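Here come two complexes built around subunit A, the first alongside subunit B, the second alongside subunit C.
Let's look at the complex of A and B:
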């Protein structure tokens, strides 16, 4: 067999790749046939509910479970983060931390059992004011979170006897003194929660010494080690399954401590366990994204090109006390001179976890707003200021891409028609309109992925891969790649994913999955086909390189009468199926995938200055992504990302009670998310010049979820002429900013 | 809805205006079945006069005992449980205690369930009938993920007590395989993770039954009882528009 050269088919030859393909499991999802972790009921299972700590900061002194244990139907009370009798108190640092679990015959009995628990707490002072740097410093709740400085080489170096910091300070001040425009501002974005609609959790049982877990996870292939470590067994004794997952967004990579508790309870009771968080717990401990607040000073030349950036930002990632990573400040833009530092604030909240495009949406929202304020100060067109500043960005090779994308976006949102200077638009009653921009970047390198592909002698095709479908349509992508390569209809391939017993595939995080499975499935299919071609070549007495697979047959290129049907070809395999396991390792140089995308988003909003309500009129997303795999699901990713951006820009925020630290809006009636009527007109544009196709597959999940917040915030500023500094831009914040501006 | 307790600022007129701008409750969406007494309104999202949805605590207050069952249309839920004795009932009402068997006609089949007064329709569907399409996303009903049809009207199975639907007809997403709505959802990719999808599918079916010729504006105003976290609203909108056009 000749060595296989991996490649994608040319555009005109693609039947499936790059086309609009409906997701294969769409009907199952729409009619309830798709079984999620929460839906799996095992015979004789017990349902577990856990008591969440009602205090943000306390010590749990003791637990009296006697009354709970007497509730008919309660089988076991299990301590999670609470002291056994005689043990030292356990300090709790976050509202909602799970203390005690009750396993019972039904959900209702478990809840009744919980209500009978008597827990003694010693309350401790809590701190949750993540926006208030001075208060945090006074309470010794701050931690250094990095920083740095870079000055143009032309400014020289400090002399040996200079104090370096003093010298840098002097240079920075000189740069500001030389600037034509200086903007000082403060901006912020609150913590939001992942709020997966299927809460975190598992339905599991022990089969002898083997733990079999149905887990709502983004990481099918690699959560077994987490169970193994905690339960002191080996990873080969753990099987993890997840056919369908009801949302993850970066929060479902591990078994989590409640998952370990579920396995322990199953062991103790000898029965299968279903343990999923309640809605309230999902919001409190299921995952959150760090907040960020910033003081910025920037200096620009007469053209509005920023020459010096100086910022200090802070925020919280919970009780581990970090904030948004400082490395991306200012976001995408990178003036020749910058100084930036970050301070983490230790608050009594659950530690944050990865959130779709970790750090990027916050960095974008609190730094590109400053660039827009520069346009406001200059009374210039924001689009011009963004375009001019493309001369100083962190990936200079992308500046022409951004410029083109901004031009496309401006056309789609009709920028020239609707643009007015900040605060100078027409007013209809109390309503004003405005336009805003954000730009973003992402890597999106394919994750590692292996695929076992079997071709049966009767022509059957099945694949196995330990990946998962977060909602991006992974299963459909796998089938498309196999069917395209083998020249078969998509229904002819049976794709199996969602089990740790299948070949390894990396976690779905960081826009890595479509790239990963495209690599592994294309490789496996090309290799299998090469073997099949050898058999067919012998039979037809032609060279293998003259063969092609299409329309359900293998034929000689240019001689369609000289061919074998797929079935006939497969009958040449012999008795045993043809099997290939492909292996792709993240970072391997490959013609099939690459990384680094750019994108821009624009928003047109209406603001009611009497009520402070912001409505989205229209949003436009322009995005490159290399080779588009499934046009339909790729488009859905971007629509969804725009809507998530609207959520964080206008609606959602974690609200902690300032005195008790309690997370007070942890239900969906008051943790507000946008609904269908809140989204306005959304326009998605794939930026795909021919050069994009040649880059191969690049992940798409994160990038379009980044710059919408900045675009909306800037549009509100353009509409009102007033900066509403902190996202979400709730009616009260809008009204407060308008009143403050009036003086 | 407008939501942030500590941030509900503005004057009363502001609030009124807000209610017209933000999540309007679709009038096709029946949070409170019309024949249910106001005495069980605490179990539901209550429609306030100014248009705000006020959420109240759900089944926490309902015990395994004490469901007052009316002989006619009146149905009440006792929230106070002070003894194991049967509570006194007003004339015409009957107190149901402990576990009883009821029959519900689900997707055309009569099914029997063992329920306590606190058992919700969602519990019965998911744990006794293995119909897991309706999802437990927010038990107070604010997500719409547990939407099913009772007597043709959309209700949240999570805020509907099983005893209250005894003898009634319940339709879940599982029976809509041949309906045009799921096909339109697939065609327009109106789903990502899919956890909210069954609830949305049923809500759309109920909406279109009432407004088969809905305009885009009506669709945008009329499907705000359900939440999708992945952000499939744009696709759902397209799916519903295509269904209306198909009529």
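Let's look at the complex of A and C:
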């Protein structure tokens, strides 16, 4: 067999890749036939409910479980984060931390058992004012979180006897003095939660010494080691399954401590266990995205090109006291001179976990607003200011891509028609309209992925890969790649994913999955096809390189009468199936995938200045992603990202009680989210010149979820002429900002 | 949720018997859109749940000889919306349209909506209606709490979205129980009260009592409208709301009723504002003046001063809307110019 050269088919030859293909499991999901972890009930299972700590900061002194244990139907009371009798108290640093679990015959009995637990707490002072740097400093709740400075070489170097910091400070001040425009501002974005529709959790049982877990996870292949570490068994004794998942967004990579508790309870009771978080617990401990607040000063030349950036930002990632990574400030833009500093705030909250494009949406929302305020100060067009500052960005090779994307976006939102200077638009009664921009970047490198592909002598095709479909259409992509490569209809291939017993495939995080499965499935299919071509070539007495697979047959290029049907061809395999396992390792140079995308989003909003209500009229997303695999699911990925951006820009917010620290809007009746009526018109444009296609597949999960918040915030500022500093832009915040501006 | 007995009576008298026959803690289940969540969170625990949705007399909408419309307590919001008999109550229909969730419209009932428990997060986290005699709200996050009627310990806002409009329509309710033959008709406004102690609820219903009907008198050409300030298009609680009903003759308002929602522990009857509107021609200026009058007694908490403006704007816009004028704001037809539909981009 000749060595296989991996490649994608040319555009005009693609039947499936780049086309609109509906999700293969769309009907099952729509009708409820698809079984999510939450839907799985095992024979004789016990249901577990856990007591969440009602205090943000306390010590758990003791737990009296005697009354709970007496409730008929309660089988086990299991301590999670609580002291055993005689143990030292356990300090709790976040409202909702799971203390004690009750396993019972039914959910109601478990809940009743919980209500009978008597827990003694010692309350400790809590701190949750993550926006208030001074208060945090006074309470010693801050931590240095990095920073740095870079000055243009032309400014020279400090002399040996200069104090370096003083010299830098002097240079920074000189740069501001030389600037034609200086903007000072403060901006912010609150903590939001992942709010997965399907809460975190599992249904699991022990089969002898083997742990079998149905887990709502983004990481089918690699949560086994998490269980193994915690339970002192080996990873080969753990099987993880997840056919369908109701949302993860970066929060479902591990078994989590409640998952370990479920396994321990199953071991102790000898019964299968179902343990999923309640809605309230999902919001409190299922995952959150850190907040970010910033003081910025920037200086620009007469053209509005920023020459110096000086910022200090802070925020919280919960009780571990980290903040948004300082490396991305200002976001995408990178003036020649910058100084930046970050401070983490230690609050009594659950630690944050990865949220779709970790750090980027916050960095974008609190720095590109400052660039827009520069446009406002200059009485200039924001689009021009964004375009001019493309001369100083962190990936200079992308500046032409951004420029082109901004031009396309501007056309799609009719920028020139609707643009007006900040606060100078036409008023219709109390309503003003405005336009805003954000730009973003992301890597999107393909993750590692292996695929076992079997071709049966009767023509059957099945694949096995330990990846997972987060709802984005991964299963469909796998089938498309196989069917395209083998020249078969998509229904002719059986794709198996969602089990750790299948060949390894990386976690779905960081926009890595579409590249991963495209790599592994294309490679496996090309290799298996090469083997099949060898058999067919022999039979037809032609060279293998003259063969092609299409329309369910293998034929000689240019001689369609000289061919074998797929089934006939497969009958040449012999009695054993043809099996190939492809291996793709993250970082391997490959013609099939690459990384690094740009993108821009624009928003047109209307603001009712009497009520502070903001309405999205239209949003435009322009996005490159290399080779588009499935046009339909790629589009819906971006629609979803735009809606998530609207959610974070206008609605979502974790609200902690300022005194007790409790997370008081941890149910959906008060954790506000947008509905379809709030999204306005959404326009998605794929930026895909031939040069993009040639880059191969690049992940799309994160990038479109980044810059929408900045675009909306800037549009509200353009409409009202007033900066509403902190996202979400609620009616209260809009009215408060308008009132402050009036004086 | 704890374990409970479940009863499903088919007559009003059976229901009263089930509600009163034992000393057990009993709750009434209609649509369950509020109760079930509260039970799951153990904020409400009951030994017995009595489902009233199988009682035929509670499911009908009928007009009596005087022209009043009797609406059964278990009539779902969607049926109220679709029924011809309710056409003369546009403000009530506007509210139900604004509860923009097909699930809530189909499952939620009329009386259930009127008796929805407060959405106050301290109440829903299990701290009771008064949440430490109002201290938790005062010292905590009170952005959605009361700006009127908040001088006692109660700081929550009444959760019903329909009550303001039905009160301006002079609606009454029929209550039966706890005695076998007990029956009374009460003005809807007097159903609500501001609790002064932890033992009191946000309404005057006693254990064993059941609201069976809402009775709305015929309205002829009386104008009515509601304006709710909603943050978004979803079914979330509005931030402030106002309902107006009024007769207009020779271009002047003859008599008016104005009730605010989401601003006080009860639907807030703004008598002074209604009087101020009488004799006036409805204009942008007179409507704005009435709005200012309606909130003249407001006393904001630490974080909800913005609600004073919202309530004021809600009254102004409700008056304009009732008179058939453009309310302005984001609902104005001028703002909602037609643009390409979402479908064209999805297709």
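Note that the second predicted complex is superposed on the first by the 743 of 743 C-alpha atoms of A that agree within 3 Å, B and C clash if a C-alpha of one lies under 4 Å from a C-alpha of the other, contacts with A are read in each partner's own complex, and residues count from 1 in each chain.
We take it that a residue touches a chain if its C-beta (ideal position, glycine included) is under 8 Å from a C-beta of that chain, and two chains touch if they have at least 3 such contacts.
Fair warning: this is a prediction, and the values are worked out from it, not measured in the lab.
Judged by the number of subunit A residues each one touches, B leads among subunit B and subunit C. When the two structures are aligned on the shared chain, A:650 is found in touch with subunit C, with no touch to subunit B. By the touch criterion stated above, A:730 is placed in contact with subunit B and with subunit C alike.
When the two structures are aligned on the shared chain, A:608 is found in touch with subunit B and with subunit C. Applying the stated contact rule after C-alpha superposition, one finds that A:107 touches each of subunit B and subunit C. Once the two complexes are laid over each other on the shared chain, residue contacts for A:664 go to subunit B and to subunit C alike. In the superposed pair of complexes, A:431 makes contact with subunit C only, with no contact to subunit B.
In the superposed pair of complexes, A:617 makes contact with subunit C only, with no contact to subunit B. Contacts of A:676 after superposition on the shared chain: both subunit B and subunit C are touched.
In the three-chain superposition model, subunit A touches both subunit B and subunit C at residues 107-108, 111-112, 278, 608, 610-613, 615, 635, 639, 651, 655, 664-665, 667, 669-670, 672-679, 682, 730-732, 735-736. For subunit C in complex with subunit A, the residues that touch the partner chain are 1-3, 37, 40-42, 45, 100, 119, 121-122, 124-125, 136, 139-141, 143-144, 229-234, 236-237, 239, 303-304, 306, 309-310, 313, 326, 328-330, 332, 334-335, 339-342, 345-346.
The touching residues of subunit A, when paired with subunit B in their complex, are 22-23, 25-27, 29-36, 38-39, 41, 106-108, 111-112, 195-198, 244-249, 278-279, 470-472, 608, 610-613, 615, 632-633, 635-637, 639-644, 647, 651, 653, 655, 664-665, 667-679, 682, 730-733, 735-736. Those residues of subunit A lying in contact with subunit C across their complex are 107-109, 111-112, 115, 278, 280, 428-431, 606, 608, 610-613, 615, 617-618, 635, 639, 650-651, 655-660, 662, 664-665, 667, 669-670, 672-679, 681-684, 730-732, 735-736. Taken together, the subunit B residues at the contact with subunit A in this complex read 1-10, 14, 17-18, 21-24, 45, 53, 55, 59-60, 64, 116, 118-119, 123, 126-127, 130-140, 142-143, 145, 172-174, 176-177, 181-183, 185-187, 189, 191-198, 201, 219-221, 223-237.
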